[in-house]
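In what follows, chain A forms one complex with chain B and a second complex with chain C.
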Partner chain A sequence: MSSSASQSGRAGAARKRWQWRPLLATTPMALTAIGIFVVCVVYSVVLAFTRTKRFPTFDFVGFDQFGRLWHTSRWLASVENLLIFGVLFIAICLLVGFLLAVLMDQKVRMESAFRTVFLYPYAMSFVVTGLVWQWMLEPSLGIQNEVRSWGWSSFSFAPLTDPDFAIYGVIIAAAWQSSGLIMALMLAGLRGIDSDIWKAARVDGIPTWQTYLFIVLPMMRPVVVTSVVLLGASVVKVYDLIVAQTGGGPGISTEVPAKFVIDYITERGNAGQGMAAATMMLLPILLLVGPWVYNEYVRRGARP
Partner chain B sequence: MKYTIPLAAALSAALWQLPAQAADLEVIHWWTSGGEQAAVSVLAREFDQLGADKWKDSAIAQGENARAVAYQRIFGGTPPGAAQFNTSRQFEELINAGLLQDLSSVADKEQWASFIRPPAIFGPCQKDGKVYCVPVNLHSEQWIWVNRKVYQQAGVTEPTTWQDFLESAPKIKAAGFIPLAQGGQPWQEFLLFRDMLLGMAGKDVWYQVWRDKNADVAGGSAVRKVFETMGELRQYTDQGMAGRNWNDTTNLVITGKAAAQVMGDWARGEFVLAGKQPGEDYDCIPGPSPEPYLTTNGDVFIFPKQKDPAVTQAQFKLASMLVDARVQTLFNNAKGSLPIRDDVDMSLADACIKKGLALLKRPDAIVQGYALFITPDTRGQIEDLLTEYWSTPDMTVDAAQQRFVEIIGDAD
Partner chain C sequence: MAKIDGMTHSSLIGRAAVTPRSVSPRVRRRSTAAVAVRATAVVETQVDEGTAEALATAALQQLGQTDSVQPKPASRRRTQQRYGRLGIYGFLLLSALFFAIPLYVMIITSMKGMPEIRLGQLFSLPGDPTFAAWIKAWSQACTGVTCEGIQAGFFNSIKITLPSVALSILIGSINGYALSFWRFRGANLLFGILVFGAFVPYQVVIYPMIIGFREVGLYGTLTSIILVHTMFGMPIMTLLFRNYFASLPSELFKAARIDGAGFWQIFLQIMLPLAVPIIIVAVILQTTNIWNDYLLGLIFAGSDNLPMTVQLNNIVTTTYGVREYNVNMAATMLTAAVPLAVYLLSGKYFVRGIASGAVKG
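Moving on to the complex of A and B:
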């Protein structure tokens, strides 16, 4: 929008007449964006300061909902889980995705077949992923039972039954699902590296692994940023995986903020509390996105 | 693009002109297990036989999901013809907002108040002399289901109190059985807690906690004993508990892997389906508690207000049918629940249902369900607390009870 506006400023009056077409084309999108994102978000935040139960009421109670929220151990556990989940999930996906992409980059035979296999989990919904891994990690059906049947009878691997480890069982499932996507992105990034770089590195006698780590990887920064943004978005909204795999249990050990919000605005009928939680989920995003928007549009726009 | 508006207008006009005589009545419910399906199909069949109106089945697995859909449909302006809820405060805001059909014309004519018993189950339906829902059955949660053969093999007698249970549990464990089959879902943990609260502390404490929201009682020694005993029970369950459904848990008792499960009377259906005989293979014991109690939980149907008068007429017809003595007989025999009226032939009922019917004749044994008194919000907070307490052996009784007191104190 801003670039087209500056263009129209420079362009002659003859071109200006045609500007209504793009304007018309973007109007529905702009209305949707303002209507859904801005108005609904503001409305939700306003409700967080009211006594709203199932029906919106504008009976304002100040920060009471937030007070109760931060006094709720399930919310605290949810926030902690989101941090653990977010950091480990993104780290594992980047690591596994990059390693797979590098292996794929060695001109292996049947590369497309492998690529399909690794990308396949991403085609599944989180609900299916959750159920599959619920069974895999079930002590009497899954991995533990299988390994024991091979003769290692003391083998124990049942993270979902232990409140201290259940969140890691969820991370395994999520990383399994999303690593393939990161592999595909990273592979595209690797293929985009100029082959002269490789030749130059070889002439200089730099080992392959060092070339990957110190030359290629820094050049792939945009791909890594894209990957982190994509993974980050799925971290904040993780809900279906939890519902399908653990239901938030054992106890409250795998609860996440999105599930807290949904439970409160539906079954529990306390939308004020749910919206307070949703507002808290929005806050870190605003803190991250705000500076970026400022940097991209406001500061850059101010430059001559 | 330019045809969109006329097309939309034509479509909406067509929608308005849908036939006014016969209506499809969409019914949202969560009766999806085998026995429940048999029961709900009785209702569908009987309704279809009444005339041209048709029962349109919308079965949604799990109560929370079905209720969430019903709320959203009602708020969104496309309400279902009828929706199942529990005999509770779940729908009081729908009544207050004027979104539910007033059924008092039918209820007064047929004099529902004269035959629906116990009156407690009709209470949540009534407000300011009007009637907004129809109770269809009675479920008691106050039961423990035991496998007789497991108790015989372990050489102990079946429990009649929680004290008995705690004394026999180590022997059952030593004999290689799971003493207590428990499903690790918050509602099941809360159900166990309620069973122990009523069974150990009695009905006075029950009413003081749920109805009066008396924080002193909630923080007192009787409730403390319940938290302590619940903590002790952790060691008598099995590792596979996490997230397990109630019916899979019942199956542990049926197949003789576990000795007992605390569950509502709907568990009976699983034993019947497995071909087990009450008094021979299994037993249903009220409580366990020194005094037998029957709690008044159950299901109701609500009827959201409609734009189409034909659907409204169909709603009145269904409402009247649900309390009909013959339909009550067929439905409750299939479901294994207790009928909402006394003049129903339950001679086909098995020993467990007869125990419930006998208790229903004793006013002192009838205890009003917790859900009549607390909101879903409060219930959710208690479930969060209990599921955390149950799965965190490090959490002290003091800390758990302290939070319970806060929740009860803040409840509305």
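Moving on to the complex of A and C:
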């Protein structure tokens, strides 16, 4: 009895003695987690309710900034563009990525050469991507002109100069940059499928494409979820691509929320409005990612 | 001890890229078919393949799978297969062409002269290849008020990238190690906040960070941009190392503890040497991420330290008179060169890096 008590006492003392080193070692982590991802986030949200211009003031005005925000045509255009961009970009990347992964999975020769070509755009920055595609989509010297010189004189493909289609030009560039990533993830997923499934499907006489679509694809749900999360995160953050490729134009036709916020806190000097927009950007993330992170890392991790 | 052990095990759960959790009912039916296949495999050693297939089909028909097709004549199937192969290669080659064209256009445009570019033949090879545009992009192009080319940006990017990569990996590895092997109060909550931070758009925290750095007099300095990159790289680096260390056998750690090794001793002498492969992945990931960054460099680096991506965009947008597409493309190639080289040299590590960048790790 007494020996066990003293033992546990010693263990407790030992644990206590060990504790301060990991705590000290993870101070940068604690400072970043709390300083940036709690304090700064909260500070931004608080400023969204103030009259802040270039420098922070705590002159509260309620929901005025939000009301004004949702009556700003540039913000409305930004949100609309983000939705179009997000849906199409994610859909195209998933489709192209899956298709390429399936074809690459057919024991093709020179697989690594194909993979290198499909994936290299992902190593390039969005600035580079934007500038290259801006040049290729140049109306008088780019693809449009080239195809016309082949004899198809009515060919028209210059999305970046047309306010109605400019955002689609941006989507092409973004999909070019990111599809290879999804291909790589999906290919890894396909390689992880149990080969018995394939034998069974073959015995069953199910055509290969049906096996892929109705049997393998549902089994790859975690890979698809991962891909969507990754692409989704990059959709919300899209900024450099727009700046490099279109600068938000023509007019406001390719503006996005991320650019709206940066422009308002820098050149426009209206941080209160910018922070209201940033809060709106945070909201979907908070609602979608928050519960998932809590469940995955805080609650589950806490269980021994 | 048991607690430490328990934690590493629980964090091992759900690591695999594809978990069988999501098997649909339809697939489950198929896996009964798979059992049938395994049964027929025994038969296969004695009878030929056709019979085994027929046997299996019969077995499946008994299971209620009557939708199997009649086997086609072998020759017809072979021709179909050959056309199928042609189709696969055709599609892959066309896709490869689509992916490769921008790089091709970038290179050939940068080697043309302006008169040739004005002819408007985007895809034709340069008639008289020249590196004049590259030299101009490197040392003479205007990046705003000065006209000294993109070279300053190149050296700025190196000054920013090297310390940021080193610092973020050092801190990330310590975090991952502490989280994997040492239980301390609040660790999970801190880590949860950090993972959440990986999803928070920069726009939400940038303004308070500007204010904060200005308060301490660091805003617009090399130090501030390095700190910013380290902080924003911390979620992904910590996750990467935490998952890696959690996959190591916990006996390793326990044995070291019994031998009396301390926190830093275990980290430096046991864990760090074991972590070399994941450090390579981290270096590749962070180098490309930080080199390719535009927004943070623009805002925090200050006008003296603007990274290459920002200078590149300045070259393209500040034009006096004619737009020099060849110089623009040469500057673009120069900016893309470093991550491109990293990608081509690293191969499978690059893929591993982005796969672990997929947050779940």
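One rule holds in what follows: the second predicted complex is superposed on the first by the 260 of 304 C-alpha atoms of A that agree within 3 Å, B and C clash if a C-alpha of one lies under 4 Å from a C-alpha of the other, contacts with A are read in each partner's own complex, and residues count from 1 in each chain.
Here is the rule we go by: contacts are C-beta pairs under 8 Å (C-beta built on N, C-alpha and C of every residue); 3 or more make two chains touch, one makes a residue touch a chain.
All figures in this text were calculated on a predicted structure; none of them were measured in a lab.
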| item | value |
| --- | --- |
| Which of chain B and chain C A:Ala91 touches, first, second, both or neither | neither |
| Chain B versus chain C as contact partner of A:Leu283, first or second or both or neither | neither |
| Which of chain B and chain C A:Leu119 touches, first, second, both or neither | second |
| Partner chain in contact with A:Pro250 - chain B first, chain C second, else both or neither | first |
| Chain B versus chain C as contact partner of A:Val39, first or second or both or neither | second |
| Partner chain(s) touched by A:Ser140 [first = chain B, second = chain C, both, neither] | both |
| Contacts of A:Ala188 with chain B and chain C, given as first, second, both or neither | second |
| First (chain B), second (chain C), both or neither touched by A:Leu160 | first |
| Partner chain in contact with A:Thr266 - chain B first, chain C second, else both or neither | both |
| Partner contacting more residues of chain A (chain B vs chain C) | C |
| Intersection of chain A interface sets (partners chain B, chain C) | 55, 138, 140, 247, 266 |
| Contact footprint of chain A on chain B as seen in their complex | 64, 67-68, 71-72, 75, 90, 93-94, 97, 184-186, 239-243, 375-377, 379-381, 384, 387-392, 403 |
| Complex contacts: residues of chain A adjacent to chain C | 18-19, 21-23, 25-26, 28-30, 32-34, 36-41, 43-44, 47, 55-56, 96, 100, 103-104, 106, 108, 112, 114-129, 131-133, 135-136, 138, 140-143, 145-146, 149, 176, 180-181, 184-185, 188-189, 192-194, 196-197, 199-201, 203-205, 214-215, 218-223, 226-227, 229-230, 233, 236-237, 239-240, 243-244, 247, 257-258, 261-262, 265-266, 271, 274-275, 277-279, 281-282, 285, 289-290, 293-294, 296-298, 300-304 |
| Touch list for chain A against partner chain B, complex | 53-55, 72-74, 77, 134, 138-140, 158, 160-161, 163, 166, 246-253, 263-264, 266-270, 273 |
| Sites on chain C touched by chain A in the complex | 3, 6-7, 10-11, 16-24, 26-27, 30-31, 33-34, 36-38, 40, 53, 56-57, 60, 65, 67-69, 85, 88-89, 91-92, 95-96, 98-103, 105-106, 109, 117-118, 120-123, 171, 174-175, 178-179, 182, 184-212, 230-231, 234, 238, 262-264, 288, 291-295, 299, 309, 312-313, 316-317, 325, 328-329, 332, 335-336, 339-340, 342-344, 347, 350-351, 354-355, 357-360 |
